[in-house]
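Common to both upcoming complexes is chain A, partnered first by chain B, then by chain C.
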Partner chain A sequence: MSGLTPAAAPQVGQPVTATSGGARLWRSLGGSASILVILVVVLAIVGLLNPRGPEPVYYLSLLKRAAPLAILAAGQLFVLVAGEFDLSVGSIVTAVVVGSAVLTNGDESRTLPVVGLLLAFGIVVGLVNGLLTTKAGVPSFIVTLGMLLIISGGVLLWTAGAPRGSITNNLRLLGRDGLKNVPVIDQLPYAAIVILVVGLAAFVLLHRTNFGHRVFAVGGNARAAALAGANVAVVKTAAFVVSGVSAIIAGILLAGFGGLSNNAGEGYEFQAISACVLGGAVLGGGRGSVVTSIAGALTLVAIFTMLNFLHLPVEVRSAVQGGIIIAAVAYASYRQRTG
Partner chain B sequence: MSRRLAALFATFAILATACGSAASPTPAPSAAAPSAAAPSVAASASPAPSAAASVEPSAAAGGACAGAQASEFYNQAECERQLAARTATATGPADSLWLQAIAPVMVDTAKFKKDGPYKVCFSNAGVNNPWRVVGYNDMVHEVDIQKKAGVIKEFVHVDAGGQDNKQISDIQDLLTQKCDVLIVAPNTTAALTPAVEKACQAGIPIVDFDRGVTTDCPVTFVHPIGGYAFGATGAEFIASKVPSGASVLALRILPGVDVLETRWSAAKAIFAQKGIKILGPEFTDGDPAKTKSIVADYLQRGAIDGVWMDAGATSVGAIEGFEDANVAVPPIAGEDQNDFLKKWSDGKLTAIAPTYPTFQWRTAIIAAVDILQGKQVPKEWVLPQPTVTSDNLAKYFNPAMPPLFYPMCGCQTMPGFPADWQK
Partner chain C sequence: MSAATTSPGRAGLPARMVRGIAAAPAAPVYLVLVILFLISWVAVGIVGSGQFLTVQNVTSILVRSVALGVVAAGQTIVIIAGSLDLSVAYLVSVTAVMASFIMQGEADRMVLATGVVLFIGVVVGLVNGLIITKLRVNAFIATLGVGLILRGILNASFNNFAGRVPPEYQALGYDGLGPIPYSVVLLVVVVAATWYLLRYTRFGHHLYAVGGSQEVSRLSGVRSDRVVITAHILCSVAAVLTGIFLVSRLRAGAPWVGTDGAYDLESIAAVVLGGTALAGGKGGVLGTLAGVLILAVLDNAFNGLQINAFAKDVIRGVILIAAVALYVARARRAPAR
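Now for the complex of A and B:
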């Protein structure tokens, strides 16, 4: 986990490029990099509180736990930057966890076809979300909230509340296992590799391509972007598709980590949005960064762990967690205002 | 400007929900909890011999349940009664647990006797968790047996989907359908009591099962021994496997649900008596991923010498928490869910599975038919609550069954087994 901070640092220090996208990237990273500070502080506290000290093995196990949220946040960010919301991702995660159990029924030969089917499902949900938002003119908050209800209702109907079957062992490897016999850290979780690969792909797509620049432009000022030649509907719809696909990957990671549960993804949509906001994304669009959103996701999970180690009563923990989230966003926004 | 406001509103909504989601119990786990008897009804059957329902420490001393803190969910007399019932001899055939009854007080049903075949109606709280899916499956197959025997002609099932209001109107609807008998599995005790009372006044015999109602107007109330017995059996086992002063992690689904609180209060009392230190209790929300994280964090804080759980739904998550940390799984109390039994069997764990048997769904049909045939039934039909131990694990664990199957179903000898339970 601590490996992420140095990885992010060079980007903060990168020279400002001449393009407007690059400048925006600089601003967004520079302004919200405070989440990286918060993350390091929380992780340091976790290390101090841990009776066994700051064990690298434990930090890496935290990555397994945080991976689904980190991937979701990376996908959600595209939609947020484009000025929309995607509340359907939690229900997609549940559908993936339940679907991977019911459709494979423990038969490893079915894993790949089922993963393909699930990815197609994520793309379709993203397309529907995007088209309804852009073509039917329904606010995305409502479209994706409706989609959340439709998908979770569909899962309930499909399984009658009691999912059958079991998740194949090879599918579970990704979220649960890792590369063995790595020096110092013993085991490098596959989840860590997934965060790096998906994070890098999302970073390049959002911050280094024309499409990414258009996402920022559309979210910053849709009218101006349209006048400049961007197809707003296509850009926004594509952002929803990215989010849908990220939800499928997150679902596969969670199915691996936690196993079968009929409410696996519940609440993840709001955690993902919270993670992005912690990372400096602005609701309403136009601003956000992949690196800091992932850092926001890791911070959320780290805060929860910190509260576990603080021996706080269960009843107090969620309240304290809420307070810390608000304080962190306030701090980031203060830093942003004062530069 | 309006966009700013919308964004502001959304931020509040998100923060409220993100934080709330951690705190508020999710609906699914609460439904996942198979419920125990309502103490108020159960206590009327056979008063506990020694410990009176008193909060005085002197009266409580020596009782198996002594030491639990007083709470609105805790009834020491009922707890003592349930713990004693575990070793009581049940009447009825030894090979058919679903026909057995513990300390039955029979009631006469001659006034309900009529000629068959019968129309049996069933108002069901829901089929919304694996335990209820297996139970309902048991029930449907018992109906099939009775249909083949020419006893039942029609079975009407109405599913309330876990909603009190829906179930109240379901019961009203069923009263207009010329049912010969009405079986009710109440969604919640308090909300459904008036509806059940109204049904009683309509003159048809009522069979209540699973959760109780606070009226004795149903002809019989069918349920296993109860939550105190469930919690105590797991806790006693763990206590017998760890030294005094050991640390036992208590994992609960969520607070405030009476049927789960009874399990926990009995366990807490036993751990206190044996001088065992409790880690937690932590709430899992029925989420295996969260369960796993809790185990991982406690392993960082120190040794976990045992794990007690108030329900088996996330027991595999807990076990995986130890596996992934490369720590041997300590003695663990789960439930008779097949995925847990598989882990136990494969990993040769030190484990126990108290049960809340699904075979009571069979018994409800049998009780309904008995009443219509004028046979005496127990006023309170207390079914045995067998325990899966390492001695009988091989008998109950069947690798061919799905992970969420509950083998204490009395279904292994029914026509259609195992195929109908594997779908």
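Now for the complex of A and C:
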């Protein structure tokens, strides 16, 4: 703090405290802020490639499209930092998109109860994932893979393979619409506000509370954390619940602009893990940051947009995603080894 | 357990294999398989079509197991080494498409096509292994990334059936030695070879050591990097063999062959169902075979009972979690604490 007010640090130590303030900020971002630089560069390239130049409107629509992934990444991060995986989130997103259409069937008065029901569903899935992982001792990879099969099979079974119904307009607003008549940018998408609110909540929860510190401790070394008095099972289960709830929010955002289909959320689990890894999270636990994970998600979507502008076939996306996650992790482990 | 390990050698190979099964941590998997088989037999007999324990149906269960069984044998090797391979599904697709594309229906290109896809398999396995060991990238990310790269290249180059498989090549998929299909022979050979490799070779023992603790095995003089790389090459070759079998069943290869079968996650599920620990260092291929057969028997029983196909995934998910929970519970009870 003192580094920010020069008057309070008049002596030789001043530059030192200044760097320590910077270092503290750097550390609170998770120490792997290079993704922020990459994000800015990619966004600049996207702006230059856009035939109408770098318009703010365009960036906001990009933010809208990236919102579900950003929210998923923020939730997945809790599980990754705790040293586990959550492969079930893609199927939860599908369940939300299909469920909100079938349950409301276009009736706006049902929107709120259905959203409540879906949130309860996310919490229950997270609880089950967490309890099976911690109490039954089943590796989370298997638990959440099994959950993925159960939920996606359940959705197919429920809708007999062809989801019917329609998503209510007021539910669609969140992912699709925005605040009108905002100066400069004309329209501020609700999705941007959701990213900000959820991101801030996740940031505070993971980086500024006792619970968050315990998530890091448990993921870094579960035994040491247990000896230090943390309840490993409770902490991990709570992390799964956070991930489940984030998947519900992401699903509601996706329902706003995505189509109604039985594979709406397919592949989102791996994209979310990729986003966190781009943001410096380490599989195995103990490391990661909300801000850089969300930045990782935005970067991934921005890169996909860039590929569109370059008129590359859509299929190249996955190859690029594969290449950059390997490169990012290889770079991170190289940095770690060389100090 | 000690009786089985202290008196090897005398008994014949089949007897040793049976004893191996009994001593394996996966012994209950075979019990589950037998029980499931009996239940299916009775259920299909009473409620369903009544056609379960027929030569035709049992053969169909076995053939259905070949594709998953071969790739799962490879997956067992990498998982025992403490790694895993998420790229196999795309490699299966690449193999199917490339083999069919190279052959173009010409029987005299069969050897060339097989050679090329095996070479691709070795290269992909080598790349996976090198990224994991030399660049120190977590296996999950490394093989996910390589899989995505394969998928991108594949989908950008092919979007439909490519080439044609000559009738001679289809023999692998449809013909056999008398009543035994060649494909089942392929599965038995791959599983037996993997079993021998894991149990009786230096490489096999190194695999368990590296999977148990990479650091300890390295300090004990095992070149752990080489072991992991070799494991990945073997796993990729197994995926290629699955691709070859699948394309021999089709008239042409298509880029969705591997992903439709979800061979990445299914093979990991089969391995874990067979009692191999996902953390590495523990397990065996005979358990994996049982895991694959359990999934195939379930599939078959569902068809015989004409149960909604969508329920299949739900039940698979439940069985997967329940089985592993059971193993963990047993393992916790067994050793003196």
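In this section, the second predicted complex is superposed on the first by the 287 of 339 C-alpha atoms of A that agree within 3 Å, B and C clash if a C-alpha of one lies under 4 Å from a C-alpha of the other, contacts with A are read in each partner's own complex, and residues count from 1 in each chain.
Criterion: a residue touches a chain if its C-beta (ideal position, glycine included) is under 8 Å from a C-beta of that chain, and two chains touch if they have at least 3 such contacts.
The structure displayed is predicted, hence computed values, not measured ones.
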{"item": "Which superposed partner A:G99 touches (first chain B, second chain C, both, neither)", "value": "neither"}
{"item": "First, second, both or neither for A:S318, with chain B first and chain C second", "value": "both"}
{"item": "First (chain B), second (chain C), both or neither touched by A:V277", "value": "both"}
{"item": "Chain B versus chain C as contact partner of A:G288, first or second or both or neither", "value": "neither"}
{"item": "Touching partner for A:A264 - first (chain B), second (chain C), both, neither", "value": "first"}
{"item": "Contacts of A:L132 with chain B and chain C, given as first, second, both or neither", "value": "second"}
{"item": "Contacts of A:G296 with chain B and chain C, given as first, second, both or neither", "value": "neither"}
{"item": "First (chain B), second (chain C), both or neither touched by A:A162", "value": "first"}
{"item": "Partner chain(s) touched by A:I326 [first = chain B, second = chain C, both, neither]", "value": "both"}
{"item": "Residues of chain A that lie at the interface with chain B and also at the interface with chain C", "value": "85, 141, 156, 160-161, 270, 273-274, 277, 282-284, 315, 317-319, 321-322, 325-326"}
{"item": "Partner chain C, residues of chain A touching it in the complex", "value": "85, 132, 136-139, 141-143, 145-150, 152-154, 156-157, 160-161, 270, 273-274, 277, 282-284, 313, 315-323, 325-326, 329-330, 333-334, 337"}
{"item": "Touching residues on chain B, where the partner in the complex is chain A", "value": "3-4, 6-7, 10-11, 14-15, 17-23, 26, 28-29, 31, 126-130, 132-133, 280-283, 285-290, 292-294, 296-297, 300-302, 314, 316-317, 320, 324-325, 339, 402-404, 423"}
{"item": "Residues on chain C engaged by chain A in the complex (per definition of touch)", "value": "131, 135-138, 140-142, 144-149, 151-156, 265, 268-269, 272, 278-279, 308, 310-318, 320-321, 324-325, 328-329, 332"}
{"item": "Touch list for chain A against partner chain B, complex", "value": "50-52, 55, 58, 61, 64-65, 85, 141, 156, 160-166, 176, 254, 257-264, 266-267, 270-271, 273-274, 277, 282-284, 304-305, 308-309, 314-315, 317-319, 321-322, 325-326"}
